Amino acid sequence: MTKAMLAADPYNLIITGVGGQGNVLASKIVGNMLVAKGFQVTIGETFGASQRGGSVMSHLRVSTKSMLSPQIPNGKAHLVMSLEPTEAVRVLNEYGNPDIKLITNTRPVHSVGVICGDDRYPSIDELKEWTKKLTAAAWFIDATDEAVKLGNPILGNVLLVGALAEIGDLPLDRESFRDVIARTMHPDKVGLNLEAYGMGVQMVKLHKQVS
Amino acid sequence: MLFPCTLEQGRCNAHCPKTEVDFDLLSRFYWNEPYDGAPLGHFTRILAAKAGGHISGDFQGGGTVSALVTFAFNQKMIEGAVLTGSEGIAPVPRWITDPKEIANHAGSKFIAAPTLSELNRAVRARARRLAVVGTPCQMTALAQMRMNPLEREEFVDPVSLAIGLFCNWALDHRSLVAYLKERMNISDIRAMDVPPPPAEVLVVKTTGGEERFSLKEIRKLIPHTCFICPDMTAEWSDVSVGMYEGRPGWNTLLIRTRVGAELVDKAVADGWLKTEEFPKENLKALSRAALAKKERSLRQAERQGFLNTAAENERPSLYIPSDVVERILGREAA
Amino acid sequence: MHSIIDGRPEDTQLMQGNESFARGLLEAGLIVAAGYPGTPSSEIIEHLAGVSQERNIYVEWSVNEKVALEVAAAASFAGLRSAAIMKQVGVNVASDFMLHLAETGTREGMLLISCEDPGALSSGNEGESRPYAKLFEVPLLEPGDIQEAKEMMPWAFELSEKIRNLVMVRSVTRLSHASGNVTLGSLPEVAAQANFKHRGQFLDPVEGPMVPLPVFFHHAEMQRKLKEAVEAFETCPFNHYEGPEAPEVLMVASSACSLYAMEAIQMLHVTDRVGLLRLATTWPLPPKLMETRLSKAKIIFTVEEVLPFMEDNIKALAAELAGRIGVKIFHGRGDGTLPSVNELNPDLVAKGLAKVLNIEYRPVAESYTKAAGAANEAAVPARELAFCAGCPHRASFWSIHNALELDGRDGFVCGDIGCYSMALLPTGFSSLKTMHAMGSGTGLASGFGKLRRFGLDQPALAVCGDSTFFHAVMPALVNAIHNQSDMTLVILDNSGTAMTGFQPHPGLEVDAAGNDVLALDIAGIVGAMGAHVETNDPFDIDGTQQKILDLLERGGVNVLILKQICALSPEKKGRKLFQVNLDESVCLGENCGCNRLCTRVFKCPGLKWNPVTKIAEIDDVICSGCGVCASVCPSGAITKKEVA
């Protein structure tokens, strides 16, 4: 088991979205991939009432040394991976910094306030403008659309894992992904998940960054 | 209100007979004249009337309303009628399509009823060519509704015949039930009546006989909105019908529109309605009573800030041309 | 759910804190576990229940935490290792038994695991239960990371058996719900043989009856046992010190705060100036260990949540030892170095430490913070808490709220704990006017219902869930009926303990492990108590509203059971009762006069306001097909058709 290099030690990744999008599962997948490679992983989650329409945020910390605080300190996130575009920007408020990278799904999930007409949901271009100002590099990916093509919108989270791998800050690869999926999911599902992962890798290869 | 409302304009406000009713606007729309505050409102004829031979039944008054509605069905002028029946003493509005049911809905009710809610239900179910029988406040609301105040393009008037009832006041159902419950067994009640003055009582007819209650006490159960109502004879209808004081078995009938006139004339011709001349002294007395109500109510409305002017951030209940107000209140310059 | 018996000894897995506790309990030979659902503790029982067959253990969701502690105690008395698991407020419920249990002592090892919620992420309070250990004189342990959570279990059981008393273990959300690397140990083969010995001498702790008399004798025993525990604490392998031998500042931290403290020291680059004592044995403080550390530093900075429990105990100990160790300067929650409310995190600890050391700590440039703030103002709408689409509570509170308004006597609802607690927010039309503990809604309504003679003629209502009913409402309801109070209780029966993850309760036919069990009938129980009972479907809002109006007129205790399954229930998943449609030709939008009742007030996420067409729409993906909005729209623009 060789210990590949981390872009930083500890490396702080935030996976965020809205309840029900599978970001907790995504953080477990990435966490397991890294534990298998010999790293110390700490994941902090916010559960419970937040599932009733609220944001769900996972802080994933990777280190060669020890377990860390499950909350990333202010301004110390290296990368934000989001299943919902406004959640990505929300997270920057406390954890962002000028060097942060951002990768987000473009599919909006409207809050109750937006649905009922009280609040306004921003356009994707507005969000891209803001992320230009607040990040060093950003990728906007139609993960849900591609996942729907593969047969299930929930695969969007797996797609983003592939995208994350391709960005290269963490030693993630297809083999370790397959190992984790094979261990935790029904054998029928492995193929589809691998496809979604591969699609995520492709999308980062092809999509231009916003920055 | 069940929930705080933030609306600036809406159907509720436009239709409600207690919010910003513009009498001049109504008068110009329906009668093509400015509002002049005449005690009985605009009418072309006043008659004594009663149900003709074709219709039978035990009527509280003359049966004029039942006769007219039945005849309207008979003439296929209407396909349905929104009437008010009762369950015990509770008034229950009903949309009927079978004229045989009219008899179940006859008789005065002294309790405020949500009749127009049933009209709304009928209209939502795509009913058209309806008759509506209601109190002056209900007729005022209906008149505003038929004006299409929010200017909807696809508006179609679902009402073919509006029959108004004379009214001086009504009683709040909950308060009345609470009052009567303490004094009698309300499940025994069969009917209610307010005999003409000088009797100052509410008569409650039960299975065992009669109970009488002093009007002085009963008046405390009148909803406060009745006290600012200037309309005794339902001025915004096709015809208006009331009791004929001193002549049991007959009604007072006011004809206001062409639709009303045609219906009455045909009903008389076909034997469904009997009419006679209405004596001048009775007309004088009726006008006096109607004017008295107008005066009382406008004074009260003015005192409470509901007439023409209103407190800051509030809106008046009634808009009546000021010269008309002065005339009614007897304050105009000599 | 991943099974805690997967994997072999020496495997390293990514495990959630609660998983780690559960695995640790198994590795320690636990046979019986009982608890009541409460975030952040619920997963421990869920994981144990998931393997109860294979491991031949008994796992129970008890009706409330006091009974859970009693069930676990019975196992201990009968010679089986046991644990009771709950959140912080559960310890309050269990405390009466806990006091007496500490007096009688236990037999085989027994643990009380309390998972607490500093910052009230999933609670209506920021209480903590560490002081119970001091109050009832039992030892308290706090694991400092996720591996420790597992490894501490066998150690704790051994301690419990050595002193023959309960041992309390405390966790927090940021450990229980965090995940980290855990290296597995082995699972023992346990031959469980239960027998409750009770024929021995009166005062025999091993074979006599388990009673607390004479009290002074047992109290003295408790104190002796605690002294034994303190001896063991002096050499506990879970207390760690790192840093210089004589630091400028000694930090003392426990639980998740140990991780924050470690990180704060790293972030400020002061490993040469600051020493960190990560304490797992937080009550009683082991005096020799503490003296060693305290004597070597002048400044003592305690980091913990939520009360300054450790801090106050350290100050007291330091005062005792002052003659030998000198006078100290204390920082922590007491002097404002750390905030006195809400949970901690590495930043708050770093800020505090920076203040103590008189150095600067600025994590991010101000210009960035400003820009990020501006972005959030402009482009990130808030996500308010709301009932799910199709939630029966939304329908119930629509009826309750409107009935109270129509009734017109300024009536109010006393709330209780569950998903329906959200009815104190606009999503439930701000209906709840009090909210306290489990069952308190009914208790308060019982009290309000006796104040008529003093002029209170406002109708008093209480609400509770089906699980809450069994947990704590029943005695309060008995009180109301027996004392002839005037109140109405609305039981919101959605067939499960929804807020915490849909665990079963005594009203259902399955238990924690999925076995068939006897279900109790709520309507029958209430009727047998002597209250007037009615039942209705909350989705029938017209009928429900009328029933409530009628019940408000009646005197005495009236109970209305509103029965409809939770929208998220595994049983229901995806099945719509109705196909709901909105007729665009009927919806008048802003011109209706309803003032957007469906989307502005009723606010089900399945009802969308289209800002372009300016009328409402049904979102067929989110809509769960309950059909309630069809009765809400006053224009009849929304229709529903039964799905075959």
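Each chain carries a letter (A, B and C) given by its place in the written order, and its residues are counted from 1.
Note that contacts are C-beta pairs under 8 Å (C-beta built on N, C-alpha and C of every residue); 3 or more make two chains touch, one makes a residue touch a chain.
Note that this is a predicted model, so its numbers are computed, not measured.
Colleague: Which chains sit in contact with both members of the pair subunit A and subunit C?
Modeller: none
Colleague: Go ahead and name the chain pair joined by the largest number of contacting C-beta pairs.
Modeller: After tallying contacts for each pair, the winner is A-C.
Colleague: Measuring between Cα centroids, what's the chain most distant from subunit B?
Modeller: Chain A.
Colleague: Counting in whole Å, what is the centre-to-centre distance of subunit A and subunit C, each centre being its mean C-alpha position?
Modeller: Going by mean C-alpha positions, subunit A sits 28 Å from subunit C.
Colleague: Could you state the distance in Å from the CA-based centre of subunit A to that of subunit B?
Modeller: 68
Colleague: Take the average of all CA coordinates in subunit B, do the same for subunit C, and state the distance between these two points in whole angstrom.
Modeller: Chain centres of subunit B and subunit C, defined by C-alpha means, are spaced 60 Å apart.
Colleague: Which of the residues in subunit C come into contact with subunit A in the complex?
Modeller: Touch list, subunit C to subunit A: 2, 12-14, 39-40, 121-122, 145-147, 174-175, 177-181, 256, 259-260, 262-263, 267, 345-347, 350, 363-365, 368-369, 371-373, 375-376, 378-388, 419, 422, 427, 499-500, 596, 599-600, 603, 605, 607-609, 611, 619.
Colleague: Mind pulling up the subunit C residues that touch subunit B in the complex?
Modeller: Result: residues 401-402, 405-406, 429, 585-586, 588, 591-595, 597, 601, 635-636 of subunit C touch subunit B.
Colleague: Could you please specify the touching residues of subunit A with respect to subunit C in the complex?
Modeller: Per the stated touch rule, the residues are 18, 28, 31-32, 35, 40-50, 52-55, 66-76, 86, 89-90, 92-93, 96-98, 110-122, 126-127, 130, 133-134, 184.
Colleague: Taking the touch rule as given, give the residues of subunit B at its contact with subunit C in the complex, in rising order.
Modeller: Contacts found on subunit B: 1-3, 5-7, 10-15, 124, 150, 152, 154.
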